[in-house]
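Given below, in the form of structure tokens, are the structures.
The two complexes that follow have chain A in common; it is paired with chain B in the first and with chain C in the second.
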Partner chain A sequence: MAIRRGRGVAAINYPTGMNLGGDPTQALVHSTPTGNFMVTLSSVDLGQGMKQIMAQICAETIGVPTDRVVIDTADTDTGPHCMGTFASRGTHRAGNAVIQAAKEARQVMLEVAAEELEVNASDLETDGQGNIQVKGAPQRSISIFDVALSAHFKRGRSISGRGMFLIPRSYPEKETGAMKPSTCYAHACTVAEVEVDDETGEVTVLTVKNVFEIGRALNPKMVEQQLVGGSWMGISHALYETTEPYYPSRDHAGTDFNQYLMPGPGDLAETEIIVLERPSADGPFGAKGPGEMCANPQIPAVANAVFDAVGVRIDTLPITPERILRALKAQAAS
Partner chain B sequence: MAKVPVQFTLNGSEKAEFVESGTTLLHALRDKIGDTSPKGGCHQGTCGACSVIIDGELRLSCLTLAETCGGADIRTTAGLAEGGVLHPLQRAFLDGFATQCGFCTPGMIMAAKVLLDHTPNPSREDVVEALSGSICRCTGYEPIIQAVLAAARANSQNAA
Partner chain C sequence: MELRKDYFADVRKDGLHEIGQGRPRLDSPGHVTGKTPYFADRNFPGMLHLKMVRSPHHHARIRSIDTSEAEKHPGVVRVLTAKDVPHNVYTILILIQIGPEDETVLADGKVRWKGEAVVAVLAETERAAQEAAAKVKVDYEVLPAVFDMEEALKPGAPLVNEYHGQNYYLYDSGECRKVRFGDVEAGFAQADHILEQSYQSSPIEHAPTETTGCVVAPEGNDRFTCYTNTQAMFFTLDNTSIILQMPGSKLHFVGGTVGGGFGGKVDVIVEPIAILAAKLTGRPVCFIYSREEEMQISSPRAAEKVIIKDGVMKDGRIVARKVTGYTDAGAYSRHSPYGAQKGAAHYPGPYTIPNVWIDTYCVYTNRTPSSAMRGFGVTIGDFALEVQMDKLARLIGMDPLEFRFINAYRDGDMKAHRQPTEGAALIECMQEASRAANWPVAEKYMAMSSYRKGA
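Here is the complex of A and B:
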């Protein structure tokens, strides 16, 4: 009886969004009379930072500071249509819709500014600070505040735009069954080191080293936050969490946090995160969806590390001490 | 059921309420007084989201009856900022990206405040121990641990 060490590796591809019956998300952008921009969405921020990212995308496209953009995700009954926040699709789908809507709004904004400055709209540019100026002659400029006032009270124009991003439905080919479940994939690789007590079946994860390829990181600190939390969650799924420990039997199913196990702050493995940025072809500014992907590779990596440590393959999650001991017993018997 | 009067101070100001006997402090704070900073996660003492400070001690407001709080000094996360200036713990959570959905955050901050009030220069183990009654779905805890350590450092620099 001993503590045995093992190391496991796993790599994954993870689709950004999924092939529903076509996968659309819609966004609407309009300016207030004072030149702030409202983005209306039905995509929901669950804490992953959707609002911040959408504000950055809209601000970058229109050419204003991020704090001039307000994101309204209030009501899925009255907002523009979105399939929802799931499958790591939010940044990719809603981001593309916001870009399209913001481009249209920017065009109207420039047209109003052109009338005010008596120049051609194609000769104008934004300075990113809230002003519009003539290319090559920045002293000829007008604030976006004044442009919005003019649009609203003088020229009767709505500085607004509509955006729709659709991944069309992919049908399987009749002959081969081949289809395109997603247009965009994120990738990850994890190496996990564990200790397994072959007497108690208990697994301790010592280190997890993760490399994530996530397209362009639109907000690097928030990406890191997702990845750190996701790496922990992957370990939690590998070793602890389940609502159905004896599936399909409901016996001993957890009904509250006393029974539904999650690792606490005292159970953390030493965690390393490395981000690779390979901009995607069809993502907003090259982004992919890192959200769910980042909690996946730890699971097979831990399973492989357990195999490396004690020579048993556990193929049912979570990898509990009971499952390990049963497998060790079966191994000894054969 | 008969209502009972209860009087306490919440974040320094006097509160008086009539509550049904058996009402939890969590319910009284959120639904009667309107301080929604303590969150109701499990209502059975297993998640820590409802943590508040009563007379300097960390307590679970979902397991505390409001009527037992007469005369108590109750502190919640809503009372931490002074004017527009965030408390060092709030600042550290913000700067350290230690919150995502935010549901655990008020409980974590209360637990950390009691720790730092008693142990201004805690070790990592002290922080882990102090946070161990609170669960977080989102962050993986490490950013929270780091934020509490950063707040302790900021406090001791200010004191020096």
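Here is the complex of A and C:
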């Protein structure tokens, strides 16, 4: 009887957005009288930080600092339609809608600034700090604060924009299944290292090294949180979780966190996250949706590592000590 | 986290002002100081509490329901049954034309899973609602139930859901979603080795910190405001409008920060009945799942069975792959027909294989309906695919990572569902993993690229 060590690898891809498309999201953007920008949506922030990302996307597009943007979302009386926050679609779909709306608002803003500066709008640029300046002559500039005041009280212009993003729905061909499920895919490769106690069947995940290709890390700190959380969930799916431990039997169904097993802080592996960025052709600044993808590769990587450690295949999830011991017993008997 | 900017640097414009910056979240101070409001923080004078009477049986006919004792219980204001729900038989994906309507808001004549909602009790306190719910008498005639997908698909199996007429979802392509590419039998005939393996998973709970729920307030202008933690505002509003036969203009949904979704909050379950209760009583209503309801009543990730048959050459090329996937929908569709379809689109994984055959089934059984969960349609498929890849590599005596390089999809490769590959990055992920994990592979694999010359 011994503690045995093994490692396993898995490589995967994952589609961004609702499968087969047909999932619209709208956004509206308008400026306040003093040049702050409101983004109105009905998308839901699930705790992953969607509001922050939409603010950064709007800010980058209009050319103002992120703290000049306010997100008003998840209210059906004010926000235009969003299909919902699921299917790794929030950043991609809502982000594109925000870019379109923000571009339209930016154009009006530049037109008003052009009138104030008596130049052509096409000769203007934003400095990212809250000012608009003539390209090549930054001393000729006006603050966005003053532009918004002028638009409201002097020129009667609405600095606002509408955005809508829809990937037309694809219908699978009945006999061949020819279809367009998604426009872009995120990627991952995970290597997991485990220890398996062949006396108790217990698995300890030592390290998980994840490489994720996500199109673009719009906010690296936030995507790190999502990717680390996903990696933990993957380990949890591999080794612990089920509402029906003896599926298809309905017996022994857990009803609280005492009965439903999840890893505690002490059960979590040393987790490494490496991010690559191959921008997608239709993503906001190239972003793809990594929200679901990041919890998938750990499951097979752990399963393969268990085999590498003790030489038995557990092809039924979760990989419990009971299943490992039964397999070891069967292996010894044969 | 390490951001490896050296990959794909030629196709990326860096140096933006706001994008790519790790700005602190504007809402995190509220979260960590307990100031962020959640839907359940709403409290209205005179608010009623809704508790469900649930089926104790997996499959049963309802002979009769007697609510008289419950109605007399102190604090009880109203008891609702199927006849109170304007459009009681519904299905949520009807909004994108995926029918048929197959589920009841409150059971009508039959229950199809243990835990199904039968009677809704509204009372002044949570305790009174709970006590009264225990006094509702339902006379059941227990019917045979089926839990195993293979059993459910056999002729003569108990019929789970009459609205489907058979224990599988009928796609326009027939009993399953199909993908056919190349000639899979010819591929097997040419292969040096054949490996057929079966993989299985069990239902999994989303386990959000915040359980599913909503608080509804009737407004003076004949409208209803529903404070909810749904993941999809208009999807829920529009389905509620159908179920209650109420114009959408009468409904105002307010969401906000959700305490964890993971796909568990895209079914439309609590809102329609709570709004109906508010309408019929003229009082604010809250309906919040207990942890037990969250774990055993709200939809889990579907259990799946995946059978993969591969033909592989000694040199490492996979020449044929046949996948048969079964998704256990439980008693009702919810999002499961979509999930099984997504599986068909995902197989054979991120590999270029010339001959592919895929069938994915959405199967009905007498268990808690499954639905959306982070990655559904793909997560369990990836478990099966990637364990299968490991087995194939060992079968032909090849390093499992190198084996994946040989088969990895690259730009321009035709996928089984007949879309050319664009924007591939699997090879680069594996190269970086090889370095990071100190898992060396041959130099020729480290020199590969997802780009194709001229592509």
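Following the convention adopted for this analysis, the second predicted complex is superposed on the first by the 319 of 334 C-alpha atoms of A that agree within 3 Å, B and C clash if a C-alpha of one lies under 4 Å from a C-alpha of the other, contacts with A are read in each partner's own complex, and residues count from 1 in each chain.
As a convention for this text, contacts are C-beta pairs under 8 Å (C-beta built on N, C-alpha and C of every residue); 3 or more make two chains touch, one makes a residue touch a chain.
Only a predicted model underlies this, so the values are computations on that prediction, with no experimental measurement involved.
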First (chain B), second (chain C), both or neither touched by A:K221: both
Which superposed partner A:M233 touches (first chain B, second chain C, both, neither): both
Comparison of chain B and chain C by chain A residues contacted: C
Touching partner for A:M83 - first (chain B), second (chain C), both, neither: second
Which of chain B and chain C A:E104 touches, first, second, both or neither: neither
Touching partner for A:L46 - first (chain B), second (chain C), both, neither: both
Contacts of A:M262 with chain B and chain C, given as first, second, both or neither: both
Partner chain in contact with A:G286 - chain B first, chain C second, else both or neither: second
Set of chain A residues, in rising order, touched by both chain B and chain C: 46-47, 49, 221-222, 224, 228, 230, 233, 256-257, 262
Touching residues on chain A, where the partner in the complex is chain B: 46-49, 221-222, 224-226, 228-233, 256-258, 262, 264-266, 268, 271
Touching residues (chain side chain A, partner chain C) in the complex: 7-15, 19-20, 22, 42-47, 49, 51-52, 55-57, 59-60, 63, 65-67, 73-77, 79, 81-86, 128, 169, 172, 174-182, 184-185, 187-191, 209, 211-213, 216-224, 227-228, 230, 233, 237-238, 241-245, 247-250, 253-257, 260, 262, 272-281, 285-286, 291-293, 295-297, 299-301, 303-304, 307, 313, 315-318
Interfacial residue positions of chain C with respect to chain A in the complex: 1-5, 7-8, 11-12, 16-27, 31, 58, 96, 114, 147-149, 172-174, 177-181, 197-205, 207, 230-235, 237, 251-263, 266, 291-292, 295-296, 300, 303, 328, 338, 341-342, 344-346, 349-350, 358, 365, 367-368, 372, 374-375, 377-380, 382-387, 389-391, 400-401, 404, 408-409, 416-419, 422-426, 428-430, 432-433, 436-437, 439, 450
Residues of chain B defined as touching chain A within the complex: 41-42, 44, 46-47, 97, 99-103, 127-129, 131-132, 135, 137-145
